[in-house]
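For reference, chains read A, B and C in written order, and residue numbers begin at 1 within each chain.
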Amino acid sequence: MVSIKGLHKKFGKNQVLNGIDLSIGDGGIFAVLGPNGSGKTTLIKAILGMVVPNKGEIKVHGEDIRKNTDYRYKIDYLPQIANFPNNLKVKELIRMIKDLRGKAAHDERLIEVFKLQPFLNQKLGNLSGGTRQKVNILLTFMFDSPLIILDEPTTGLDPISLIRLKDLIQAEKAKGKTILITSHIMSFVEEVSDEIVFLLEGEIYFKGPIQELKTKTNQPDFEHAIASILTDNHA
Amino acid sequence: MKHILAFLLIFFTTSIGFAQLIEVCETCPISKIKQAIAQASNNDTIVVAKGNYKEYDIIVDKPLTILGKDYPVIDGELKGEIITIKSDNVTIDGLFLINVGMSYTEDFAAIRVKKSKNFVIQNVVLEKLFFGIYLEKSSYGKVFHNKIIGDAVQEYSSGNGIQLWHSNHIGIEQNHVQNVRDGIYLEFSDDCTIKNNFSAENLRYGLHFMFSNDDIYQDNTFENNGAGVAVMFSKNIKMYNNIFKENWGTASYGLLLKEINDAEIIGNTFEENTIGINTEGSNRVVYKNNDFIGNGWAIKVRGACYANQFIENNFLYNSFDIAYNSKVNDNVFNNNYWSNYTGYDLDKDGIGDVPYRPVKLFSYIVNRTPETIILLRSLFIDIIDFSEKVSPVFTPDNLLDNNPLTRRNTW
Amino acid sequence: MLKILKYSFYDLMRSRWSYVYFAFYLLLGILLLFLNNDLSKAVITLMNVIIVLVPLIGAIFGVMYYYNSKEFTELLLAQPLKRSSIFLGQYLGVALSLSVSLIIGLGIPFVFYGLFKSNAIWDFSLLLITGTFLTLIFTALAFNIALSNENKIKGFGYAILLWLFLAIIYDGLFLMTLIMFEDYPLDKLSLVGTMLNPIDLSRTLILLKLDISALLGYTGAIFKQFFGTNFGLIVSFTTLIVWVILPVLRIVFKSKKKDF
């Protein structure tokens, strides 16, 4: 699905990605983890083409992403910070994104799931953070793309919505889609992900199932496994 | 019909002066004008029928009327002067004169009047000329309703449309002069009236005065000449209700005044000239009720102009209203309307409460470095103009219109 | 790109600022015409205002829109859209909505005043064309500034500096240069100096209409050719178009290289 070779990215003097080689197969949920500033978001943005790499190659579905923007039709992306043009109404935003992507979408069902009907005629600027995140999720999941990228999807969600989100993710997985997630909530990651990619200082420190990580670090649970990586490397 | 007319003419002329009528035509016994003049006696009328007469150096040395019917063409074949009048009481009417000789040593004219009085030159059409109508030491004559169309290209090889030299009490009215050197030129000529003429596209001036006093010109239109009117070294000239238009170019003026005293410039319109009035060494001139519209400079004052009055004029949308090249001002500006005025009138008496300062710093700068004109209307220029307005350094600080009007003058 | 243009345009047309801008011009037009009762004078005053204000508003508004719509941009970037279409669409959205406000805001009072019966219509049209060009140019410059500066405050600062420089300081330096080298033939220099500043260029275009009598008073042959014939008009318009194209190309170029 996604294959990355020798990816380097520098912001000024700051080397954020330092030779990433990664290949993600078809189907399954992958979590990209790492401490703050380890390059998670940069990696995701590089896949999306929002960050231009200094070096390296990214292929999605076997196509080099530099050549064409059309591969993004096959990606649904949930950005980390859900900010939208404040003058637009929720309804208009949904219509606009549908218009831009020009694909059949199941927005109606998602509006139902997240109970967004009362907000449809409100301007985005007037919505609370949580509601906005729901709109954000709706915009992401309303298309049927084979690759879904979620950057901190749990931010600001109430418990019920969180459960719905998890259901949604599982449902998409069941359809055989590939899902890429970054999150700080370890329990969430542990619960949903099949495999994790652990980034540390711009390099891949670990890639594999959670179980493998636990054995590698000799820790009984996931959170401690992560913590031990961090303390080991900073000691 | 022809006979009745001829009869009537004979009847009238004979009854008044016992004069005879002599007919000239190409097939008549008398087929040359010269021949007719030789045969004519005083006060006779020579009627020239339509046709083409190749003659030059026609000398009219007795009081005669030469009357063209349907504009007979008299072709000078570029050999010299066509008609020379050397007698009083001569009338030339309705001729078409063409191909005057050109010379660098002699001023050949289509019609020259020499030391004569009481002449009338009217309804004459002149083309391909050197000088048109040349009045020399003559007086009490009339130049009326003539059409002079030259093809002048170079100043040194062309002559003037109507030229007066030492000639007094001449009336020049309703003439149309174009494409010559000076449309109308007066030198040492006093007490002349120039009225209702149209002078355009002339190389040098539409109308030109030199050392001529007590003349009046009014209701004329001067368009697109090298310069509209030049008045030089003359006194008591009255200039009323003329139109000076589109005289564009480097040394181009609507009106050029040089060493002029006691003139009156009233009711004229200066429109879209590079410089409306350029005045130099002129004193006690009254400028009143003139419209200055869309000129580059409405009035340029260059040195030594004293006791002039600029009152009740309209200055509308000129790039510059007044330009001075010195810091001294002895002239009065009062009750003018300035479209560039930005003051207010709180007491609503029609007079702005803040004086208007018509000379801008920028006009001083442009005077020094002409290329800076390209910065006209720039915000930076507005700022420096403003600071100069607040405290004048380069421009005369007493040059003010203390009573600028808030509405256009009407008269 | 047209879709982005459409959404940006609608978004802006609904924002308060467009109304403020529109209302400002409407008011200006009404004040000038109905307090003054003199169309020619109004056109001249308007010219002064347009030359100074339109670039300022274009620059500030461009920068402001860019920073304010950053999230919108990021949302769009994740969609299957070309970067150049996103930024050109946004740019055109801003520039066109500003131009529309200008043209309609000034147009309404002038039309009511009876512009179509007046011979000032050409001067007025020229004014609106130049105003539109200035909007296009300065919005493009603003987008360039914003694309190169992540820091909002810095971006605003540069935009205002740019305006200050081109509207005032440039002319000051220009004037000083001309006076310093007054012993040399300057007509080429002065024309080139004008071409290098879009505000001066627009001003010259208007001078060609309003002050042709004064401009023809100068001797230089190049000047004469420039101002005396249609040559000046053609060159000025061509250069204005170049002034639009260059910053727009840089928007395309810069946006391709930029990380978000």
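The rule we apply is simple: a contact is a pair of C-beta atoms (placed from the backbone, for glycine too) under 8 Å apart; a residue touches a chain by one contact, two chains touch by 3 or more.
Computed from a predicted structure; not experimentally measured.
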Hey, which chain is the most central one here, using CA centres?
C
Of the other chains, whose C-alpha centre is the longest way from the centre of subunit B?
A
For the chain pairs B-C and A-C, which is connected through the larger number of C-beta pairs in contact?
B-C
Approximate Å spacing (C-alpha centroids) for the pair subunit A, subunit B
88
Distance between subunit A and subunit C based on Cα centroids, please, to the nearest Å.
42
With centres defined as the mean C-alpha position, give me the subunit B-subunit C separation in Å.
46
Which subunit A residues sit where two or more other chains touch them?
none
Interface hub residues of subunit B, defined as touching at least two other chains:
none
Show which residues of subunit A lie in contact with subunit C when the two form their complex.
9, 11, 45, 48-52, 69-73, 75, 77, 79, 81, 83-85, 87-88, 96-97, 99-101
Within the complex, which stretch of subunit B touches subunit C?
248-250, 252, 272-275, 294-297, 316-317, 319-320, 339, 365, 368-383
Quick check on the complex: what are the subunit C residues that touch subunit A?
3, 7, 11, 14-15, 69-72, 74-83, 256-260
Listed in rising order, the residues of subunit C that touch subunit B in the complex are 38, 40-41, 44, 47-48, 51-52, 167-169, 171-172, 174-175, 178-179, 182, 186-187, 189-191, 193-194, 200, 203-204, 206-207, 210-220, 223
